[in-house]
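Two complexes, one shared chain (chain A), two partners (chain B, chain C).
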Partner chain A sequence: MIQTDKVLDAKGLACPMPIVRTKKAMKELAPGQVIEVQATDKGSLADIKAWAKSSGHQYLGTTEEGDVLKHYLRKASETEEQEEKQFPHTVTNDDLQDQLSRKDVLVVDVREPAEYAFGHIPGAVSIPLGELDSRAGELEKDKEIIVICRTGNRSDFAAKQLADSGFSRVKNAADGMTQWNGPTEQNEA
Partner chain B sequence: MTVTAWTAKEVARKVLDRSPLFILDVRNEDAYADWKIEGYTIDYLNVPYFDLLDGVEEIMDKLPKDREILVVCAKVGSSQMVAEMLSDEGLDVAYLEGGMKAWSEYLEPVKIGDLKDGGELYQFVRLGKGCLSYMAISGGEAAIIDATRMTDTFLDFAEEKNAQIKHVFDTHLHADHISGGREIAEATGATYYLPPEDAEEVVFEYAPLENGLEVKIGDTPIAVQALYSPGHTIGSTSFIVDNTYLMTGDILFIDSIGRPDLAGLAEDWVGDLRETLYSRYRELSDELIVLPAHFMIMDELNEDGSVAKKLGELFEDNHGLNVEDEQTFRDMVTKNLPPQPNAYGEIRQTNMGKITPDEESQREMEIGPNRCAVR
Partner chain C sequence: MAGKTAIIASNGTLFDAYKVYNIATAAAASDHEVAIFFTFEGLNLINKEAYSQLAMPEGKEGIAEGFKKANVPAIPELVEMAQELGVRFIGCQMTMDVLGLEQEAFVDGIEVGGAVTFLEFAKDADVTLTF
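What follows is the complex of A and B.
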């Protein structure tokens, strides 16, 4: 099961209702939050992808369980893309790839669990940005921590936050997963 | 203002009558780009329904006031919703009952002509997909050729004509649509014929369709003369019905010729295709009326909606029959081919009886335009 902020049941509804309901539910979400839309209408897959593209939301992926399609979407956040990155220590994706084999490097993926589920760097640990404060204790202080998200902005926040809590070797993978060409793996659905 | 529901049959009438029509297609852009309702007198606007949820004001000035407007979607719900919104804005509009699904499955029967013993020959034009099926009726008996999976249409039509279906033929193992031949044969006790070279892997009983086979329907003989004509598939077989009509399957179309690559053997079959088109067919009478299993473009339709032309005229006009140089011909039919039909591998498996997808899956597999030809 993939953790989300909201689950919308659109099972048994025919087109256009799955999209009508999704659009309405999306309005009630905060930017960056993730919704799971359950639908039985097979056409909802192509339509939800196309709608996400047209409305600017992020389509994460779809899983199939029996007759039920589960679509995952993340609400667009206007500010996220524009802010300048402030944390001084960064690595490019090429550097990151070179360092993956090092035992003292830990990749922390701060995207939402659903984003992580549909494709992440093998071995990366999932801690969503919102949980980083409470879960920072899970991380080993003596390792070099490379933080990654979709576009390098959430990881910028996360890197600062970790540095402030006493982690001395923190870097932001500023290119983000959208630029990542290396291997990825998916969670078992 | 009013919202009217149109059936696929009513839309087919308008397409064939060349009535002016404006179609607002509210499917997503990929689906629209892949296939749509084609017609000479149709203008189009494609705006996905999900971009209209907040209102239709933005498209009002793009819609005509002086012609009929039909809203179309995949199944029906979205087109109905958009039609009602347009009606609230003061327009008279129609939506397509059953959406593109219904359009894809609608067959328009068109009479091709009378048979010599007083019987009749009908062509079933599947406008949404380009498939052509046939029914010859004589003396209370019927033969069907290249039936699509909408078997009720054929069963009902035969019943209306008080004819018992005796023989069901497929000219070849289809790769672009699911055959209804086997189901019709099972429902009526008719014999189902398939070319044995195409049927090596089928898992059901069939009668071999071989050179020189002749069957009769009705009291007076109507020779259905099988003519081995490989090329599109290795088993492809043409028929001559009533010494007048040449059923060419997917070997020869009105404006194009069959592609030899859908079983992955383009290089092997291109020689057979040329032999069939440039030698075997040349030996036949120019007066034979060619009735193919598909059409690709609306230009191939005659005024009455039928798809038929004399073999002699095709030798004059069809580009695929006029490539003198053999290498040029080989290149034409093996290189730069159009994309392969949607799910053609699974469709072949279904037609061999190896897999039995449910109706919804069969629909999905057939989605999209016909791509059996090279031009």
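What follows is the complex of A and C.
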């Protein structure tokens, strides 16, 4: 089960209703939030992907449970790509890959749980940005922490937040997962 | 708006209605600006008396069962959905005159116009379809 901000039940509905309902439900989400769309229409798999592409939302992935398809989408946020990165300590994805084997390095993935579920760096810990404040205590202060998200913006914010709460060795993986060519793994269904 | 879809509905069976309204609602849900021009038998698709009981094409009556099984929405439901999503319905004035029908015979919220009304909308459409 993947944690999301909203679940839409479009089971039993034929084309084009799953898309119509998704469109409506998306309006109620804030940018960056994630929705799970449950559908039994097999055509919805191709349709959801195409719809996400044309509407600019981020298609995360689909799981199958019996006859039910569960599609995960993240609502687009216009500012996300444009914000200027401010945290001074960054690493490139190449550097990150070299450092993965080090025992004193911890990768923290601050994307939403559904984004993490469909592909993350092996060993990365999932703490969504919204939960970072309350869960920072789970992290060991003596480790070097490398924060990553999709495009380097949420992780920029997260890195600042961690530095402010006393973590001295924090870096932002500024390239983000969209540029990651190394190995990834998925949550087990 | 991500695009513009112009549809001509000129046939009046249940199959035609699904073709028209499925594409129209899907386009509207994908942020297209959509208008449908209803002409000749296509007017059945917005006729208050007719649109909830459209006939199957001749010889295809057996497919009624399939529609039920696939849980396909009823035509009035699709019409409501389409209008809610902002699809424009344009009834053809000339056909209405020929058939002796007034605007009151049709679902609420339609516009009535001639070929030029539709052409004005369709001239820069990204997708143009005729059913």
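As a working rule, the second predicted complex is superposed on the first by the 189 of 189 C-alpha atoms of A that agree within 3 Å, B and C clash if a C-alpha of one lies under 4 Å from a C-alpha of the other, contacts with A are read in each partner's own complex, and residues count from 1 in each chain.
Please note the rule applied: a residue touches a chain if its C-beta (ideal position, glycine included) is under 8 Å from a C-beta of that chain, and two chains touch if they have at least 3 such contacts.
Worth saying up front: this structure is predicted, and the values here are computed from it rather than measured.
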Chain B and chain C placed together on chain A: clash or fit? clash
Does the superposition put A:89 against chain B (first), chain C (second), both, or neither?
-> neither
Per the contact definition in the header, classify A:12: touching chain B only (first), chain C only (second), both, or neither. second
| request: Applying the touch criterion given at the start, work out whether A:51 contacts chain B, chain C, both or neither, answering first, second, both or neither. | output: both
With both complexes superposed on chain A, which partner does A:141 reach: first (chain B), second (chain C), both or neither? neither
Name the contact category of A:43: first (chain B only), second (chain C only), both, or neither.
first
Please indicate which partner A:23 is in contact with in the superposed arrangement: first for chain B, second for chain C, both, or neither.
both
Intersected contact list for chain A, partners chain B and chain C 14-17, 19-20, 23, 47, 51, 54-55
In the complex, chain A touches chain B at residues 14-17, 19-20, 23, 42-43, 46-47, 50-51, 54-55
Residue positions on chain B within touch of chain A in the complex are 28-31, 48-51, 53, 73-75, 77-78, 81, 360, 364
So, in the complex, the side of chain A touching chain C is made of residues 12-17, 19-20, 22-23, 47, 51, 54-55
Within the complex, chain A is touched by chain C residues 2-3, 22, 25-26, 29-31, 70-73, 81, 85
